[in-house]
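Input: structures, listed below.
Next come two complexes, and both contain chain A; in the first it sits with chain B, in the second with chain C.
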Partner chain A sequence: MKKTHFSIFMLFLAFILLITDPLSPKEFPQFKQPVLITSAGQSAEVQLASVLAKRAGLNYSLSKTATSRDLADVKTIALVIGTSLKGLGAAGLDMSQENERVSSLIKATQQFNIPILCLHLGGEQRRGTLSDQMIKTVLPFAQHVIVVKSGNKDGLFTEICNTHSIPLIEVERAADALEPLKNAFL
Partner chain B sequence: MLNKFKYSNFSAFLLVLLSLWLIYSCSPTAKDNKALPSDKHQPHNVYGQTGMVVAAHPLAAKAGLDMLQNGGNAVDAAVATAFALNAAEPFASGIGGGGFMVIYLAKEKKVTVINFREKAPSGAFPEMFKIGGESSVELRREHGLSVAVPGALAGWNYALNKYGTKNLNDVIKKAVDIAEQGFELSDTFSKINKDEYEKLLKNSGEESNYLNDGFPYEPGDVFRNPELANTFKSIASNGIEEFYQGDIAKKIVKAIQDLGGILSFEDLSSFQPIEQEPIKGTYEDYTLYSIAPPGSGGLHIIQLLNIIENWPVQKWGFNSAAYIHHLSEAFRFVFADRARYLGDPEFVSIPVSPLLSKKYGARIAQQINPNRSLHNYPYGEFDEKDNDKESTTHLCVRDKEGNIVSLTQSINHFFGSGIIPQGTGFLLNNHMDDFSRDPESANAPRLNRRPVSSMGPLIVFKDNEPVLVLGSPGGTRIFPSLTQIIINIFNFKMNLDEAIEAPRFFSYSVSGEPRNIYLESRISFEVRQTLESMGHTLTIREDYDNYFGGAQGLMILPRKRGMHGGADSRRDGYGAGY
Partner chain C sequence: MLKIKRHLIFGSVFLLGAMALGYFSGKSFMSMHIDDHIFPSSGLTENKMLSEYFPKLKKTPGDTPVFIFQGEQPGRNILILGGAHPNEPAGTIAAILLVENIHVQAGKVIIIPWANHSGFTHNDPQEGSPQRFSIRTQDGQRWFKYGSRLTNPIHQWPDPTVYINPSGQKLAGTECRNLNRSYPGRRNGNLTEKIAFGIMEVLISENIDLALDLHEAAPEYPVINAIVFHESSAEIASIAFMELQLSNLEFRLEASPPNLRGLSHREWGDFAKVKAVLLETANVSHGRLKGKPSASLITEGRDKNYVKADKLGRLFVPFKEEGIPLKLRVARHLASIEALISALQEEDPTKIFAIHGLPSMERVKIEGIGQFLAPPK
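Presenting the complex of A and B:
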């Protein structure tokens, strides 16, 4: 009897540990394909995400300036955060137009229940006033975040993710985002 | 008597001691050659007594210094530095590009210019970038059509043969070492590599040697370029003919034509640099020498200084609203002249003398309203008879004889066209983008023309002696930035590196209409508000933004007290003296 009780207790403990382990892969949401990769800030890292998606074997499309019209059949949005004045200029956008586009897109994803996977791949170099503003606006709507560690030196991503209970994965360099990206779509 | 003798001996001894102490304490060496400050933006002048090289990368500056210390003159060192920059800062310049070199020969007291600006291919024509009536940015910048005939190697070789003392093999060695052994990448390199990732992917693929296993390099990664080392070795062995007529030429033509370009083998084999007279202007007690068109930087710096001479800039104060307003308005007038008149002087007549006249400068100064933005900036009108045919990394070198080189060169945008001829390790320029979009313009693309450049390497003299050597990359921001540095030194009495690091601004006009004022964010909020109230629209850039260039300078101290070097922290500038 005692033995049975002990076994039940151990099983219960294991269950509790399993559901509370912050590093458990089961915590991370699973995303579906096809994926639409787009930018939030027009930095060049959107292209990096595209190469990662190709190497991960994902069914994806890339549109740097995607709008709600591009969401047909899309099961996941990969939002690559990072603001670049050069990129904005090349896209013919200013900061307020880009903010407007991204906000409308997020609104549409909520309307269609499309989950958002956020990526910040530019590291410390892709932080600063404009990028930080974008991070603070976009990140609370993410279901999962992958960030290059140096970009989270000050803990901004950790803080927002903790506040909104969003699973966060840190990687050393952009190329290391490949595995977590693959895992997100298993 | 004996006492008197002893006393006078003692006095003499004291005098010598005092003199020695004075010499030591006044020597710039004692106070200037401190270790580099931990904050790279902290102004820091390097000191050299005998010779100096200032360039956009420490390894390049050291390569030039090594050449000086091993008996090379300023031209040898400048060419060694230029090769080394191709290895250490390959995204900004190299043998796939072109530029201009201002040389001062101390013995002859002569200034000359070598123009090795790229040329349009012989198949070029004004409408070559149009798709459906619109000028295509992609064709101009990231396509085979974007590549102009590279002139750098021909220019360096010309300078070396005529004014140097070493051969190609000698000046190329350090660059080969840098390319083979590699170096740790800076934040600057990594950030630019990330920014230009899409172009590199498109034109050189994931296997590009400018990518790390298909991804951009991170700060601290080691970057090696063995293919470039082999290219340099081949040039050292076979001469520049290898590049313009040999195997490398074939690879260049193939890479360009595979991506839709028209540059031919004949375009390469017929390329020749030109030696030109410099243009000359004065500002207060100083005389400036710079490059003539198709380089526009020198001409516009002199134009701007002629305008500024009419204003009490010291009274207004450094980067005050009045100062930024007046200079921005002046920039806009100068850009109107640039668009109207500048082209390749071999093919179009340019009113150089009237543009450079003090009278014209005063006329523009009078047109500027001290309180409001004008919103209309017409180009100057001159009599046809006044027209004449006189006519992006920067490095400065001075040798022990006092010879000087001020060299600016570029492959245009960072990582140029993104096209790398197979197995060569160097990037081809996209300088065809410097031609005008307007097919009627004096600067429209046409066969064998050189596009107008904003480069403005210069040497400033006072009482016939050189006092300042200066230049910068930065596209159309080059001459506005260099003008600000000159004013910082001569009017606001800043030392060289202070003047280089000081916050910058920029504006321009298109078809007579103003564009925004671009400001580094260090310019105060109050000043920004005043500018807005004067009718300006502002764009705030980063604190130290390489959008405004990456100037390198060398200042010769009076009374043979050596020289100061100032290198821009907006990139990885570095000075090395001895």
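Presenting the complex of A and C:
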């Protein structure tokens, strides 16, 4: 009798383990809200991230040109990587000013212990010398990276994430980033 | 005596020949001043002219039809502009396709298929472009003019050396005839600026919420297959972009730079406070790498030089043997319009909009454009 109880209990436990799959949420870091969405390179994909955050029901704010002064009460930074000369022009910035803003923002997040979630949503079209430079500078500071697959065709994201042990999720399209984004937050 | 007589006969025949040549080429040249036919659907509620919004355009070559589809219930108001650049036919044809098919139940759709009407009366010198291209409908061919990017110099001349547009931007002199550099227009300006002013009047007086400007560009141009949005339409452009990706349509999402003045996606948003979006598709007959210009190049969009350029990685869109035909470019415009409208509804579901008869991208791709155009009468 006792034995049967025990085996039923074990079965139940196995079942629970099976349906909850406790390994998956632990593989990826969990971020806290509110989240500040900002750009690294001023490409229009920062707007996509904002729409995704809205659909995910996150408590977020969007500031394309955020600086360390915007970090009050912020628990997570979502950095949307991608360089667009049109976008830089729109923000009234040149490449060196944007690099300067992004690196001082990253410095501040380290100082205040604010984790960084990096997104690259523009795919293959948002790669190239300027974007790649931004990816290489910013990505090592991320705690988690979500990338649209075609943007990682050459494995640049995989390589950097492996070197720095950063969990990386690849999605097919920008819209598919919704689920991993939702799951990344508590 | 005989010699003189022979000269006389030869001279007369030559003269008559020259006159005939002059007559027929003149007639062909002048035929560009006759409008193509548009056969609106029964959903059309009003057919106005742009001069009814801005009377100074009356009896000028800049006056152009404005097709209004007013739903029974009030709701969102949308403007669709084709032919701001008359050598970008996907925009014009998409606009005409809408005029000939849609019915609006709630809200309002206003369509201007020949935004720069004067630009449709000529085409670019030294380009060898055909005057027209045709589309086969269920019952006969429909012919459409292939115009010029710029206003006809017969209607607006001369060009200044440097053009300062209404927003104060300095441009090359010929750009004074480019409608998409002339917004928000000038009440007492040149013809092109008056057209721009008239379009602003439509945007404002018709309480437009969303305004779409349909264009095409060469495959070697970086802003291609693009959605260019004014900051006030950032959210709907993003939603539409993701929606289109789900239908396997890749676009480039670009914000309208505030320092690039005179363009629709900037001045419509700034001055008329509408959500302004410009859409671009890829047209080889526009490009510098193309072979011989022809009507079939416009409609079939096949060119071996572009296949080669794609292999060399010189293009901003994929380009294969099958080319990028007009039906595909029109289908892209239609899909984008549909996606932007549904994004507008998602953004504020309290305001309604209901439209029927919008030809779907899939059907236009499979059945062709002609299936959705009225036969010539």
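As a convention for this text, the second predicted complex is superposed on the first by the 162 of 186 C-alpha atoms of A that agree within 3 Å, B and C clash if a C-alpha of one lies under 4 Å from a C-alpha of the other, contacts with A are read in each partner's own complex, and residues count from 1 in each chain.
Criterion: contacts are C-beta pairs under 8 Å (C-beta built on N, C-alpha and C of every residue); 3 or more make two chains touch, one makes a residue touch a chain.
No experiment lies behind these values; they were computed from the predicted model shown.
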Room on chain A for both chain B and chain C (clash or fit): clash
Touched partner set for A:A174, first chain B, second chain C, both or neither: both
Which superposed partner A:G128 touches (first chain B, second chain C, both, neither): first
Chain B versus chain C as contact partner of A:K107, first or second or both or neither: neither
First (chain B), second (chain C), both or neither touched by A:E45: both
First (chain B), second (chain C), both or neither touched by A:K86: both
Clash-bearing segment of chain B relative to chain C, given 22-30, 202-210, 310-318 or 508-516: 202-210
Contact residues of chain A, present in both the chain B and the chain C interface: 44-45, 47-48, 51, 84, 86-87, 90, 122-123, 125, 173-175
Chain A contact footprint on chain B (complex, rising order): 137, 187, 190-191, 194-198, 201, 206, 212-216, 218-219, 539, 541-542, 547
Chain B-touching residues of chain A, taken from the complex the two chains share: 43-45, 47-48, 51, 84-87, 90, 122-123, 125-126, 128, 173-175
Of chain C, residues touching chain A in the complex: 223, 229, 234-235, 237-239, 241-243, 245-246, 250, 252-260
Contact footprint of chain C on chain A as seen in their complex: 44-45, 47-48, 50-51, 84, 86-87, 89-90, 92, 122-123, 125, 173-175
